[in-house]
Structure formats: structure tokens, C-alpha cells
Amino acid sequence: MDGPLRPTKRPRLALFELASCAGCQLQILNCEDELVDLLQLVEFVYFKEAISETGNEYDIALIEGAVTREADETRLRAIRERAPLVITLGACAHPVGIPGLKNAHDSEEPGRLVYGDAAGYFPSTLARPVDAIIPVDAHIPGCPIHKDEFLSVVTALLVGRRPPIPGYPVCVECRLAENPCAFDRGALCLGPVTRAGCGALCPSYGSRCYGCRGPADDPNVSSFEALLEKNGLNAEDVLAEYVLYNGYRALGDQALTMEVSR
Amino acid sequence: MLDRMVPKADLNRFIDRLASEQTVAAPVAEGPSIRFQAIRAAHEIAEHYLPTALPPSKYLLPVKETLLQFRLGEHIEMEPVLEAPEVIVFGIRPCDLHALALLDAIFIDDKHDGHYAARRRRITLVGMECLEPCDDRCFCHSMETLEVHANYDLLLTDLGDDVYVAVGSPKGRDLFAGLTGAREALYEDRTRLRRAHEARDAAFTPRLDVSFDQLPGLLAESADSLLWDVLGEKCLSCGACTNVCPTCYCFDVGDELDLDLATGRRYRTWDSCQLDAFAMVGTGESFRKPRAMRVKHRLNRKGRYIMERYGRQGCVGCGRCARACLVDINPIEVFNQLKGQPASRTVR
Amino acid sequence: MNPLPLAERRLKPSPFLPDLAEIIRKDRLTATETLYRLRLADGSELGHTPGQFLEVSVLGIGEAPFSISSSPTRGEAFELCIRRVGDVTKALERLELGSMVGVRGPLGRGFPLSTMRKQNVLVIAGGLGIVPLRSLITNLIDERDDFDDVTILYGCKNPGEMLFKDEIAQWVTRDDVDFRVTTDIADPGWKGNVGPVTTLFRRLEVHPARTVPVMVGPPVMFKHVVKQVLACGVPEDRIVLSLERRMKCGIGECGHCQINGVYVCQDGPVFTYAELKRLEEAML
């Protein structure tokens, strides 16, 4: 039955990939039970992992991956000009994720390590999130994204709702999952300052939060860092904690401030 | 109603049988965490346990609860969802029984909330008395929630080989009717119970420097205390304290739409006054932005506002919030510091 | 899990189940505000008091609180004046005439009409505060003989944000209502007063013992206007104001609208200054 909320036209989606593992695209393909319904709602015109057709007209651009080349910047600007809505997928696109690890090193070093003498053929810039280049309408966070969150964001956009991404920290969901606190197990955890929405997935499996969803909206950074220091970390270790997923901003600002995104 | 005495072995066999026939939830140790969850047999129940990670209120106000389901189209169809599974919750501590009594007063007597009421009718509350303090974070003795005389179906007291069973309702009496090996409690059983209570009362010491009914006054006087600013600087605003609190019941309401964009649900989900979006209005303005105000609001709700409105303890002294807090915000210390440091108050 | 039997559902219905109401008229008032006229689908009257609010649902999007902007004296249809700010308000704008929305209410405590009868009523509106006050003003006019002097002060940011211009034109011409308007910033066509709403007090005579001031506006307006009416000698328990907070459930459960120990949705949104002055979270 057609509800009053159903848009009259199927929006066209295009999915573009920058520096990433393509794991977020795989999450979309993982929507096995929902794909048929999803394709009733939207049309994919560009999705390299899934379809061979390529269309250059689209309503929503989904961008996976971090910006690591000058060519990426040009490409992003062209996408932004075409797409009424730009949504990032995953940690690499925002806050910068694993590609950002190289930002902590001398700019030549990662290239030399990977490509040896051929490094000169693969020029690379500081790894940056997509919104460092173009304005972004929404971020679907996570490493990788969760398919349910992808579906809920798409549904929200179709009916004109703001994407339902929580602003509060992972601790909220971790407590609701009745997990023992990582700090009580002697582990460190970025849960108190990291955006929730993952259902505290890692702590629920006995691990801890590594901050893949980026900072929460209202983190108390100074108190959190005092807590880490109380647990035996010095300022350098604290920075190292942030760098795994939040390297661009943690290093970019030099100060240990996790910038409030959104 | 007549109390009973039952050998522990018989009680355990009874629980085994019940758990095989219906849903019985009890505190179960999962590593360092203790949770109320469904059990299959009595031996799964944690022997000595601190208050559970989440309070038993999760059976009456689930973390996420569907309120309505709807179908959009030419005509809008909607109906309330009043899901109410039958469950026997076993091993509820007196502090949590007090908290559930408060929730009953709010959601049934005051609000006539059909969702809560439906669940409440289908839940059986089996309490378990505390004979020793949990740790240095619990302060039920000071909040006068260590003893419980109402709002349970059965209340058990562990007397070694035997368990004393106080029957609190016809539902509890009927449940217990199926128990073999139980007998009516005699004079000497009551004496054993009294001795256990005397030993308990000696083991628990007051932790607060004020009585619980002085807290509203103390907090009212402390509105301008500098302590709130100190706590505001520490607080991570992670919401752990409110999520684990047995008397916290604030929630958010939202809609979910299926991929057909026609069917969906309205649900409520636990929310926290410690989160910055909690008091935000449509225009984006937050009416309780500073962390210090949020911390103050929580502790005032616990020690003052609920008491003023409902005449019952808004904090039952279970200590969960203090155990959950990574930066050691502990209501015992807060209340005692407010009591002890009138000089820290600023003049407006 | 089986839902409860139907009989039991009827006995204890959900406090969250809305009634359906039909959008029978939509008037764009400004760039951001639209006036919606609605009627309950079962034809019954809303039965509200000026100052009360409704929780309005666009199912699938969400629910939000809006004050009722029409007077109960005007029949069974009712009006809501809504600024486009969030998901629900945007969805409402997209709905066509004849669409159904969910409504719960009327909720909360409205303006104390009984205290105002045979008294002077001084209505002070700032910005969107005119929305609930239009309900009161219309009610005062419709039952004009029940009240003594009626004075209305209305302040808005700029003339373009002024709401209900047609009705205001009528109020201005009435000789049994003293209507004064001001704007923070004038535009070229503006010939009226310029400045905050407190500047309208200059040529105003307030009889402290016979006047009930009723004010709705942003927090900063309350601060100044309360000071002004107190300076006129009006007792604290006769100063009436209505607060805006995040009224999510509307029935004093969910906690979002709480200021100190008070639930705005249930104990208010209309309060006297005496009730609020000791609550620091009222921000007065």
C-alpha cells in the first residue's frame, strides 16, 4: 500500500569509493533480506561492487573512503555539484578512520614502506575526511557501517526526516546492554567520548571501544583524559588512543580535542 | 497471609520446576556483571550478588518498548501495543522492590499508563532480603529501603538450610501453593527470622550524615553550592548513572518506519537527563546545557523532586550509579559534602 | 507475545494513542509560519482552555507539542500556528488538505480565565508568544463583557515576522481593546513603535490590584517584563506566564520538560510568577 510518506519518484543513488577497504559497500550488499524492498524505494545508478551500469545523474551521492590524493578532491567537487545530497559511509570518510593512521608519520614514510622505490608513482596527501573538502549532509558512521543504520538513514531521508544518528556516547548503549565496563576489566575504552549507534558492539563481545564512530556530540574531553591518565596513560598514549580512527582531527588540531562533528 | 518455611533444597527443586514451565528471571553472573535474565534451573542463580547491572524495572519499562503500531495509506490505521509477557522475577533486593513500588505509584496510580499496567499485572515479584551490605557504595540503610513490607508477592530470607518465605499477595500464595516440603512458619521460625534481622541491622551502618527525609531540605538549600560546578567538570555525561538507576524512568519517544514506508511503530526508549539533547526544544535551544546543571538535576530528582511529588524515596541507596561512574560521582559523598560544607555555598 | 484481549485494551488504553484530526485549511502566515485549521475526525469538540497544547503526530515521522491558537468560543474546529523548524513541522507542511494527523490532548493547564473575569487583562506577547495568546485574546473578545479593560502588547523582531496581521488589523480598530505593537528592528514601511515590548509600558497605566498580566515569549522577555509588572505593584501570584520546554509525552512521565521538580507539560505550561520564581531552571 502506498503511504502518504512515499516519494513520487525513486531517488537515484550513486556510491563512490575513495581510500577504503570497500567494507561499507559490502554492508549494503549484506542487506540481503531487505534489498528487494530497498530497490523499490531507490535506484542505484553507480555502485561498482554491485552493478556494471554507470549513470551520471543522481540524487544522493554516497561516499566511502578518505581523501588521500589531489584527484580525489576534484572528483568530490564534481560529485557535490551534481548531488543534492551527499552522505558519507563509514569511518574513513568521516572522521578519517584507518587511512588517517599515516598522518601520524612523516609524509614520505608510508609510501616508502608500501611501494619502496616506486613510491614516487603514487603521490599521496594527508588523509582527510570528505567534509574537509566539500560540505556533507549526513555521516553514517562506523567501521564498517551497520546495514540497519544504513537502511534507517535512507528511509529517513526518503520521508524527510533527519538521519537518526545518536549524538550521545557509546556508554549509554553499553550500559543498556548490561556489559561489564571495560575500565572495570582493566581495559581502556573510548566509549565515554565516542558516538553511539553501534549498540556497543565491540564491548558486548568482550572488547572495548576504539572510537570508530567518531566523537559524540558533547564529550567531556578534559575529564576523560584525566581518567585515562589516572589509568596510567600519559598525553602521548592518550593521543595514540584517538589516532586509530580520529587521526585527522586529533593530529590536525595538535591539541587533544576531539572536535564535535555535525 | 501465613508465612512459610521451606528447606532450600525443596525451594530449588520448586524453582527448577517453575523455570521449566514458565519464564523465571533471576540474577545470573556473567563474568563480573550480574543481570536479571531468564533461567532454566535454580543453580544458574548467582549466590551472592551485588545489585544487577540493570534494575528489574526493565521488565516493566523495557529499554525499548513499542507503544503503537500503525499503517499509513488512504486511511490511517493505528492501535496500541500492550505487550505483556508472564514472568516471575526472582531474587529482587529490597532496594529494588522499593523502586518498583515508586514506579507503580507513578505509572499506575498517577499516570494510568496502560503499557506499564499491563506488564505489571503479568509480573510476579519474588524478593530476596539482604542480610549483609553489598559494599561501601550501598546506602539503603540510610535511605530506609533495607526493610520492605509491601509490594512483593513473596519475600525470601535465607536462613542457611532453610528459607523463610513471607507471603505478600494472593498471587504469591497461589504460586507457593505448589511447593512441596514447605510448612507453615512456626514461632521458632519467626524467632530465627528475628535473629537474622537483628544480625542484619547490626551489619548495616548509616552512610549518610542526614536522614533521607532531610534530603529535600538539604538539596533545596544547596541550589547554589559550588560542589555542582566541581561535579560538572568531572561528569562525562555518559548516562551510565541514569541507565542503571532503579528509580530513573525518563524516556524518549520516536517513530520507526518499515521499508514499505507505510507500516511502522511508535516506541519509547530509555533516555537520560545527563545527555545534552535531553532538554533541547525544536529550535535547538537546550534548557539544561551546563553539565553542572545536569548533575544537579539528577541528584535533586533522586533526593528531592520525587520525594516532594510522590512522598517516596527517589533514591533507594542501591549504589549502582556510584559503581557505574567512571569519575567517582557518588551520591553518598555528594549528600554528605552538601551537609558538611555549608560554607561552600555562594550567595546569589 | 499476544496482545491483550480487546476488552482489556479498552479498559486501559494507551495514553500515547492519538485521535485523528483532519487538516481542513492551511494558511501560510509568514516565510516560516503556517496556520493549520483542524477538526477531530469523530466530529467532537476539542474542549480546550486557551493556553493548553496538543501533541501532534505525523505518524512515521514523529510527534511534537504545539499550543492551540484558536479560542474554544469558535466552534469545534481548532487552529495551530506552526513554525517550520524540525521533522514534524516540515512533514506537516507537506501534508495536503484532507490529510489526517494524530492529536493527543488538550494537555496541560491553560490560562486562568476565572481569575481574569471582572479584571483588567494585560496581554504581553513576544514573538511566537502570540500563538497561544491569540487563543486567549479571541476568547476575551468573544466574552468581552466578562472582563474589564483588555490591553494587548505585542513585540516581534521585525514587521515581517508579525503573525495574524488580518486579525490584528481588526483588534486595532476595536475601541474595547487597547492593542499596541512594537518591533525590534523597523523596516522602511514601518510607522509604529520601535524597541522591545517593555517600551510599550511607557504610556500605560496599570492598576496593580485589578490587573492580571499574562505573558508569553522568549526567556529574555520574561525577565524584563516580569520586572516591569512587579514594579507596577502587581502581586506575584497574579502574574501569569506560559513556558516553552520539550514536552515529549505531554503527561508528566518522560521528564524532558521538567524544570526543577515541575513538569511543564502537566503542571503548566501556564504558571504564576509566584510558582516559578524560586525555580532557577525557569530562567526568569
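A few points about this structure:
Letters A, B and C mark the chains in the order given here, with residues in each chain numbered from 1 onward.
Note that a contact is a pair of C-beta atoms (placed from the backbone, for glycine too) under 8 Å apart; a residue touches a chain by one contact, two chains touch by 3 or more.
Source: prediction; values computed, not measured.
Taking the mean of all protein Cα atoms as the centre, the chain whose own Cα mean lies nearest is B. Chain centres here are means of the Cα atoms, and by that rule the chain farthest away from chain C is A. Two chain pairs are in question, A-C and B-C; the one with more C-beta pairs in contact is B-C.
For the pair chain B and chain C, the distance between mean C-alpha positions equals 38 Å.
Per-chain CA centroids place chain A at a distance of 42 Å from chain C.
Counting partner chains per residue, chain A shows two or more touched chains at residues 3-5, 159.
Across the assembly, chain C contributes 60-62, 86 as residues in contact with two or more other chains. Counting partner chains per residue, chain B shows two or more touched chains at residues 72, 254, 257, 261.
Residues of chain B that touch chain A in their complex: 30-33, 35, 52-54, 63, 71-73, 233-240, 243-244, 254, 256-257, 259-262, 270, 272, 275-277, 291, 324, 326-327.
Chain A contributes residues 1-6, 34, 37-38, 40-41, 151-152, 155, 158-159, 164, 167-169, 171-172, 175-176, 178-181, 183-185, 191-193, 217-220, 222-224, 226-227 to its touches with chain B in the complex. Across the interface of their complex, chain C is touched by residues 3-5, 159-162 of chain A. Residue ranges of chain C in contact with chain A, taken from their complex: 60-62, 86-87, 90-91, 94-95, 99. If you check the complex, the residues on chain B that touch chain C are 67-68, 70, 72, 75-76, 78-85, 106-107, 110-115, 117-118, 223, 249-255, 257, 261, 264, 266, 268, 271, 273, 278-284, 287-288, 293, 297, 300-301, 304-305, 308-309.
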